[in-house]
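Naming follows writing order (A, B and C), and every chain is counted from residue 1.
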């Protein structure tokens, strides 16, 4: 097993880096897009609400692979788009539907008096949402967001379908050459566990800290 | 358009949908049964045993399903376990989803509160009777919505088996649009619509349970 | 004196439930009016219609020259003139005390930063909570929270201030400090104040007028003295004998 790593460490670390990079871009993008769609889902305006709901339901209910291949196969016919970006855009769209659900849930658990107090205080709906309700809802959504981000890292293996040169892709390349899939996949699995394990530890610490904060 | 949706193509694609559904159903049943047992083991804190199970469950949960599929199909033959694409998909998905189900069941059991358990024990029930008659029924009821969400993920994830050439719906759509690039867009629309219909019905079911539990 | 709040044949329904019944009421600028009545009588609902937190189905309601029953009225503009203090405070949990007071003046009134801070400090002193500005709401007692909520409303320099059972959620020993601040506002400012409360002693001491409600209707509308000495309806006499025997 050590041999496989020694012989392929550059390839593995390259894949590891691509997986991390795609996950980070996916995290930022889906957080932004998911927040926007959560706010649309909750908006008093019926058209915005409909668009928000339609987006979330659509991307939650079709496979990530369909979205990713759509960008890699169909969109790539007219626009130059690499496997990395096809996969990462797919990840952003897919994950943002789940992020939107987490944030909507968080906002819904904020005490209604917060919005009421802000409106009575003279703030518009949008001002009250941005300054008062969303920040609190976001905090409440953190535990479930953490789970989504762990899923995001695992789902980034979708890049291997579209020549995205991520960790999973490199695992297939290496095991195709050395004909030792058993040990190769175990090594690559360990690298995935490094990211997801680290992420769950960080999330647990953030939750602990928030838990203490609430007791004040 | 008409070419993409010719009766031969549609027949071929719906055959794939059939495989998608069969793989999903078998995996749902196995992962539910196994996950239920694992969930109880995690909750009950059996010395050494629970901790070992906890380690295995956490490890598998934190790996990509795609890696497990590849491992089952390509690596297990090294240990003398040869599985065809269908069996490999079912095994990998059942193992992976069972760990997800286990977490949901454990969460459901934890959410019930000690009062129920203490009440039952104080009437003379054994630990096992308490679990069976009092704790599990309530935990299962609460677990239904998250379980359905998890099974929606499972249906979607069957598309990953394309990678080991299981002729499910996603794979077959690729074969169809491989004949003619003009078939791409119609195929993507149809495949997305079919996945959506299956999964959206499931999510409506989850919402229905959610509402019933609130009232 | 001119009416700053005017209800004309107002009706309010929650689905089938008739919450407000044929409300006709004028409140003059600068008056202090106390609304009392058994729970479920519609007094909180009436109060909440005044700043548009509840809509009305029939009739006309004009507040500070703005017709709330009309769709064209800018309800945000109205709310900068009408402050409200809630039973459960509704302080912003994610903001410090100073930020709670300064947020609306900053983003709604665009009050300059220095001036905003100056006014906030004055208000903190007024409610006797100087030095607490850096804390979060969760670190304060109920009585302190309510005094901050009052300061937050005052910071908008409203013409009308509504109090919706401001002491009902407080521990008994906290009630006095909040009532003192309210008394000070009612006596020493030209603000119009409407108070829904069960504190009869406060009503006797501070109110110019008492409105008694039951079942969504206004049963009595009289001067404070008259109401407590000579209630006109049997319903009011019953209510008074119950609360005064406490």
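Following the convention adopted for this analysis, a contact is a pair of C-beta atoms (placed from the backbone, for glycine too) under 8 Å apart; a residue touches a chain by one contact, two chains touch by 3 or more.
These are the chains along with the protein names UniProt gives them: A = Amino acid ABC transporter periplasmic protein; B = Glutamine ABC transporter permease glnP; C = Glutamine transport ATP-binding protein glnQ.
As the structure is a computational prediction, the values presented were derived from the model and not from experiment.
Based on mean C-alpha positions, which chain is nearest the centroid of every protein C-alpha shown?
Given all protein C-alpha atoms shown, the central chain works out to be A.
Looking only at C-beta pairs in contact, point me to the busier pair out of A-C and A-B.
A-B
Mind checking the centre-to-centre distance between chain B and chain C? Centres are C-alpha means, answer in whole Å.
Roughly 55 Å, centre to centre.
Go ahead and note the Å separation of the Cα centroids belonging to chain A and chain C.
Spacing between the chain centres: roughly 46 Å.
How many angstrom lie between the centres of chain A and chain B, each centre taken as the mean Cα position?
Centre separation, chain A to chain B: 20 Å.
What does chain C use to touch chain A in their complex?
Per the stated touch rule, the residues are 51, 53, 76, 79-80, 82-84, 86, 88-95, 103-104, 107-109, 136, 138-139, 149, 152-153, 156.
What does chain B use to touch chain A in their complex?
Against chain A, the touching part of chain B is residues 59, 62-67, 70-71, 74-75, 78-79, 152, 156-157, 159-160, 162-163, 170, 174, 177, 181, 184-185, 188, 191-192, 195-196, 199-200, 203.
Provide the residue numbers of chain A that touch chain C in the complex, in ascending order.
111, 113-114, 116-124, 127, 131-132, 135-136, 139, 214, 216
If you look only at chain A, which of its residues touch chain B in the complex?
57-58, 60-66, 69-70, 73-74, 77, 150, 154-158, 160-161, 168, 171-172, 175, 180-182, 185, 188-189, 192-193, 196-197, 200
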